[in-house]
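In what comes next, chain A is part of two complexes: it sits with chain B in the first one and with chain C in the second one.
So, the complex of A and B:
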């Protein structure tokens, strides 16, 4: 099962680039299949066709289609990165499991 | 080409400024004088800072205003501040941080700059490097320090 991720920040340059790269490293290491797409924070409220959104910046937005939103700043600043990685992987594995059950 | 351009004219040490916008405009004008950006860069980067603040609560608080629109060549400019200047925090906490160093970037192609951006993030986590940078009073020394931290990712002019 492929997990579809979206990484979003304000301007879509600095933090998105760094956090996308970190997420790829984490998921390659765990051998999890994924796609990753950049977006702008202003787009996340109405996103479809994604399983998980990681935001690197200021937001209190929720996704209208119930896609979970994680705040990914720890992957950028390094502060709390381990805790974030654990939480993130738990979420990704839960999504994988859900998709497996939906399409056995 | 990968890497960020910098030279001593793009570094201001011990700068006294009025506020956040003042330091952003002063650094942007240096880039404008070198034709690294077009006129539109300045309002773009100011607006961006207002909507999405870039202050980081690192060991020594820094801010990283950056944008692609209006940038002609990827560059880095730096200001160390004589007294802290308030920037909004990037983490969405609505806090304001008393920032001591401003790294203003223009980035034309982020995909090519992944390595330098990653190294930069490491530098933000090194309190002692940032403290050393604040202590410097010569732009050339600041560039030498950045060069040891960022290596070949920094293209010095």
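So, the complex of A and C:
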């Protein structure tokens, strides 16, 4: 099962690039299949076709299609990165499970 | 010196910039592979942007010149976005030189405790003021005057960063950081004044509902549709007298797609560009967080993207986009059609919103006023911006059409420095000395009244007590 991720920041550029690279490292190490699409924070309210959104800075924006939003700032600054990585992997594994159960 | 110039000209910026970035990265202990990849991407981004800009200009410039000729809207300057300013900076020797020299200068300022902000982690955003230094060089013919101007703008920026730091930290909830990006923070001192007036008028007490506003202004947060609609509107105006023919409509629709394409392509290309300096920024950031510097209170400069998504920031930015568009047309003295930099609007209010403690109405009022001033500054330098762009190989196909980067040009503070340095030769020494004197006076006033100034910029006494 491929997990479809979206990484979003203000311009979809600087912090997105950093956080995307970190997420790739994490998921490669765990041998999880994934795709990552960059986006702007202004776009996340109406996103479709994704399983999980990681935002690089704090935001209260929610997704209208109930895609979960995680705040990935720790991957950018390094502060609290380990806790975030655990939380992130839990979420990714849950999504993997859900997808397996949906189409066996 | 002559040989060096020959080598630089022969290889050109797309080779020289990566080499400089690679060497600088290794010197700052970036892992070799990351340093190499980053440097490579920077050269690629530089080249890709130049090609794309050429394509955009050849389709947009004629429409804009038609609009100017056929309607009363006199906006002959196209906002081609901040990547154009970055390209000009790195295609000029002053830009490459300041990457190394500015980093050293910043280290000296930090280690001597002249400033509390550690600037080099935000090395990517140096270009925002180095651009103004590049046009100082272009106007005066002097490389060293350009460097001196860059140093003064660097000093002013760090003063604002020190001043605003606790307010940003408290409001956005990130300890130990600040922003050293000109576009987001240079409106903050102005906002302090506006806030004082708004408090007297009791307007600062009015609270708007961000959620409601966001739903209403959500369209302005979708860059591609916004680009298409703006292109459509301006192309229809440009060809107003001839709307009966099918040919005209073909042209109108094509223009709309081109302006949509601007919005879609820019993030991708500028993403390549940024990659060159990310490893430096990240490596320095990690080294600082590990406590390599034995210093208690300091602020790490961080890319402003982390502030962008906060509710009031996002909302005020979106509300300001149509207001700025309207003001650009209605207020005399502006010559620029804002376009490529419009999606950056939430970035442009970060300093103001921190001063206003998230009050949307106050931020929109201060932002609108500030960017009217900014429009004048930007319009004043459109001609020299265009000259700088032509010098690095951008072709402008329609006579009378100019280009600028709105987010970089709308900086009244940099404009004042530019004016001081590019003043007529007879008074130049005086204006330059005066600009340094003003900086020093403000700097020492800030040092003496630090707490009061930081409170005026939005921080609370409780927060200042906690962090100091």
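Everything that follows uses one rule, which is that the second predicted complex is superposed on the first by the 103 of 104 C-alpha atoms of A that agree within 3 Å, B and C clash if a C-alpha of one lies under 4 Å from a C-alpha of the other, contacts with A are read in each partner's own complex, and residues count from 1 in each chain.
Assume contacts are C-beta pairs under 8 Å (C-beta built on N, C-alpha and C of every residue); 3 or more make two chains touch, one makes a residue touch a chain.
Predicted model only: the values in this text are computed from it and were never measured.
*Asks:* If chain A is used to align the two complexes, do chain B and chain C fit next to each other or clash?
*Replies:* clash
*Asks:* Between chain B (first) and chain C (second), which does A:76 come into contact with in this model arrangement: first, second, both, or neither?
*Replies:* A:76 sits against chain B and chain C alike.
*Asks:* For chain A, which side has the bigger count of touched residues, chain B or chain C?
*Replies:* C
*Asks:* Between chain B and chain C, whom does A:37 touch in the aligned arrangement: first, second, both, or neither?
*Replies:* neither
*Asks:* Just to be sure I read the superposition right, which of the two partners does A:85 touch: chain B = first, chain C = second, or both, or neither?
*Replies:* neither
*Asks:* Mind working out whether A:13 is in touch with chain B, chain C, both or neither, as first, second, both or neither?
*Replies:* Touch partners of A:13: chain B and chain C.
*Asks:* Figure out whether A:61 sits in contact with chain B (first) or chain C (second), or with both, or with neither.
*Replies:* A:61: touches chain C, not chain B.
*Asks:* May I ask you to decide whether A:45 touches chain B, chain C, both, or neither, giving the answer as first, second, both or neither?
*Replies:* A:45: touches chain C, not chain B.
*Asks:* After superposing on chain A, which of these stretches of chain C ends up overlapping chain B: 57-65, 255-263 or 291-299?
*Replies:* Stretch clashing with the third chain: 291-299.
*Asks:* With the touch criterion stated at the top, can you tell me which chain A residues are shared between the chain B interface and the chain C interface?
*Replies:* Touching chain B in the first complex and chain C in the second, residues 9-18, 41, 56-60, 73, 76-79 of chain A appear in both lists.
*Asks:* Looking at the complex, which residues from chain A come into contact with chain B?
*Replies:* Chain A residues touching chain B: 9-18, 21, 41, 56-60, 71, 73, 76-79.
*Asks:* Which stretch or stretches of chain A touch chain C in the complex?
*Replies:* Residue list for chain A touching chain C: 8-18, 38, 40-43, 45, 55-61, 73, 76-79.
*Asks:* What part of chain B is in contact with chain A in the complex they form?
*Replies:* Its residues touching chain A are 48, 51-53, 56-58, 64, 66-68, 88, 90-92, 94, 105, 107, 110-111, 113-114, 117-118, 121-122, 124-125.
*Asks:* If we count contacts the way the header does, which residues on chain C are in touch with chain A in the complex?
*Replies:* Contact set of chain C toward chain A: 124, 172-174, 177, 218, 221-223, 267, 270-271, 274-275, 278, 282, 285-286, 289, 302-311, 314, 318, 343-344, 346-347.
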